[in-house]
Amino acid sequence: MDDREAAEKTGKTADLYFSTVKNEEKPYALWKEFDRELAKDLSLFITGRMYSREKIPHTTRQLITVASLTVLSRPEELKLHIHAALNVGCTKEDIAEVIFQTSVYGGVPAANTALKVLKEVLAER
Amino acid sequence: MDDREAAEKTGKTADLYFSTVKNEEKPYALWKEFDRELAKDLSLFITGRMYSREKIPHTTRQLITVASLTVLSRPEELKLHIHAALNVGCTKEDIAEVIFQTSVYGGVPAANTALKVLKEVLAER
Amino acid sequence: MDDREAAEKTGKTADLYFSTVKNEEKPYALWKEFDRELAKDLSLFITGRMYSREKIPHTTRQLITVASLTVLSRPEELKLHIHAALNVGCTKEDIAEVIFQTSVYGGVPAANTALKVLKEVLAER
Amino acid sequence: MDDREAAEKTGKTADLYFSTVKNEEKPYALWKEFDRELAKDLSLFITGRMYSREKIPHTTRQLITVASLTVLSRPEELKLHIHAALNVGCTKEDIAEVIFQTSVYGGVPAANTALKVLKEVLAER
Amino acid sequence: MDDREAAEKTGKTADLYFSTVKNEEKPYALWKEFDRELAKDLSLFITGRMYSREKIPHTTRQLITVASLTVLSRPEELKLHIHAALNVGCTKEDIAEVIFQTSVYGGVPAANTALKVLKEVLAER
Amino acid sequence: MDDREAAEKTGKTADLYFSTVKNEEKPYALWKEFDRELAKDLSLFITGRMYSREKIPHTTRQLITVASLTVLSRPEELKLHIHAALNVGCTKEDIAEVIFQTSVYGGVPAANTALKVLKEVLAER
């Protein structure tokens, strides 16, 4: 895959995931304020070359992201990916189930924080 | 669900997940050495009441476990759940894809450790 | 212990620990919004079967919780358990000492966050 | 080094690093509210005996602090040390570069949180 | 407290805690290989000024250390402090109870690793 | 920067950093076993587009990596980057100083693990 193809896939996947997220809340907007070239490289790599791979369904990919961000306790990023999970077709029950399950691995307090974020996102939409 | 029903589900789900894991490597064996009652409670809760819920497919559940244990860097537990993931029908490509993806959230070194565990489990089976 | 007995112990231990915490701030209230059955299972397991064991005094148990939540940096959950620690008879000096001590294991910044939470809880009571 | 010498170095290094931070936001102020003697011991140890060592330049030392606090996701403490980094002569480009680099080790979400803190500090100064 | 008094307390507390640990396994031995002065400062601070404070009993202090090192997953350091806990009078049941309890905060896999360390230390003694 | 230029920089920077590390111990070798294309993408991104940027000196960059991997407790990856730090001209005193300093942020046990890795690498070279 060359950079032009990666750029196309980046755009398409970003639209699919983050259409309900405001531009100024996207990491890309933040990166660009500090380094335009690296912002582009990071975006092409993560969204274009990683998320757009079609090895596993987007629903599975987003539930995996939800699980990872829950156990790491990264609530701001989790908010974006709960949007993405809902946008690709996960139900709120799927997302809650994943968060509850991770309490076994990452502890109950991290899961509680994630459930609060889920509640907040659902209230907003 | 009463305790008898939970016990049945615990047995059935444990067989489904961990048939390829030696008894002495299972957490239950370790817990029992310290506290038989709590060992039973933990096992009924985690395996019987959590894993046996049929809200999401077992393949998704195990990929979520793989993601969580990768970013938390818990290689011993990860080994058991890579077995479980393969036993419920995930392919090694699915597992590798999930591990690679988590490098974005939990960093590349944690993913590298997980890939080594995957390689080790595949070599053993 | 059967579920009825666990339910009784859950109620009694929850009263002992969290009488000064508003209902809507308790994890149980949050869990119930997503899954009533699992909320009950989690509550019976954690409060009824774990916290109500009388193997170590409640004061020790709560100081252990304070230490764990400090090094993991989980300030929201810590708030609840600083209440619980004070409610079972720990002094504010005990709690501060535990937080200071954990700075050796989990670093000074995590301890600073916990001291701020302690200060906040003391101001509220 | 005796305690008097450590105290002098503590004062001098604290001035160098934290002149732009309000007193009530410094950890020392927080520690003193709970234990005056331990507050002094901690301060003499960390600032007087550790930071004032001249084994590596202050700019390198502060970039190392920025990296550590980024991957650990400790935004409140990071704010103080972004001030310190700027006060000893690091540029905002140096700090951004360090934060971007740590995304490889501690994940992108932790780096995003740190970039937001950097943006906030730059806006304040 | 001056440095001479701290040195005396360091020696006394180190004897109380680590009499069953080989010298070459103690952090102090490791620190000295890299920096003799800092090794002494660290030792005086942690053992002399922190552990020797008599604000909470040594048994509570060691259980707090066990909890912290369990949720942080630091098995090598945990080994030393399980020795210390047993040396100051904690029973193996106390230690196991603390580890089981932390599974709620730091997850079950971290607790499993700690139980293995406990088993190992008990086998050695 | 196009992919060909990134590939050149990747090779050059990898030679500079990892000439003393065996090929089979490099992450790239591990990645390739699971996915050749993603292995190449990861390598071009991390080594070619991130490490080869000349915004901060290679010595600073490697000390930052040492600090990050120490507080995250990733000893296998740390080993590779202690090699890299020595290969670009950091002294063992610099590396030890950085590890000692991080004990304030990530705790003393994580620093102890890192010092053991440093000792091991120095013994091998």
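Side notes on the structure shown:
In order of appearance the chains are A, B, C, D, E and F, and numbering begins at 1 in each one.
We adopt the following convention: a residue touches a chain if its C-beta (ideal position, glycine included) is under 8 Å from a C-beta of that chain, and two chains touch if they have at least 3 such contacts.
Note that the structure is predicted; figures quoted are calculated from it, not measured.
Common partners of chain A and chain D, by the touch rule above, are B, C, E, F.
Shared contact partners of chain C and chain F, listed by label: A, B, D, E. Comparing the contact residues of chain B and chain C by number shows a mostly shared set, over half of all numbers used being common to the two copies.
Between the two copies, chain B and chain E, the Cα superposition rotates by 120°, quoted to the nearest 5.
Looking for a copy of the A-D interface in B-C, C-F or E-F, one arrives at E-F, which has over half of the same contact pairs by residue number. Across the assembly, the mean Cα position most removed from that of chain D is the one of B. As a whole-number value, the distance joining the C-alpha centres of chain A and chain B reads 24 Å. The centroid of the Cα atoms in chain C and the matching centroid in chain D are 31 Å apart. Rounded to whole angstrom, the centroid-to-centroid distance between chain D and chain E, based on C-alpha atoms, equals 28 Å. Shared contact sites, meaning residues of chain F that touch two or more other chains, fall at 38, 46, 50, 53, 69, 71-74, 77, 97, 100, 103-109. If you sketch which chains touch which, every chain touches every other chain without exception. Against chain B, the residues of chain D that register as touching in their complex are 71, 103-109. By the touch rule above, chain D contacts chain E in their complex via residues 1-3, 37-38, 41, 45, 49-50, 53. Those residues of chain E lying in contact with chain F across their complex are 27, 30-31, 33-35, 38, 42, 46, 69, 72-74, 76-77.
By the touch criterion given at the top, residues 73, 96-97, 100, 103, 107-110, 112-113, 115-116, 118-119 of chain A touch chain C in their complex.
Chain D makes touch with chain F in their complex at residues 46, 50-51, 53, 55-56, 60-61, 63-65, 67-72, 74, 77, 93-94, 97-98, 100-102, 104-106.
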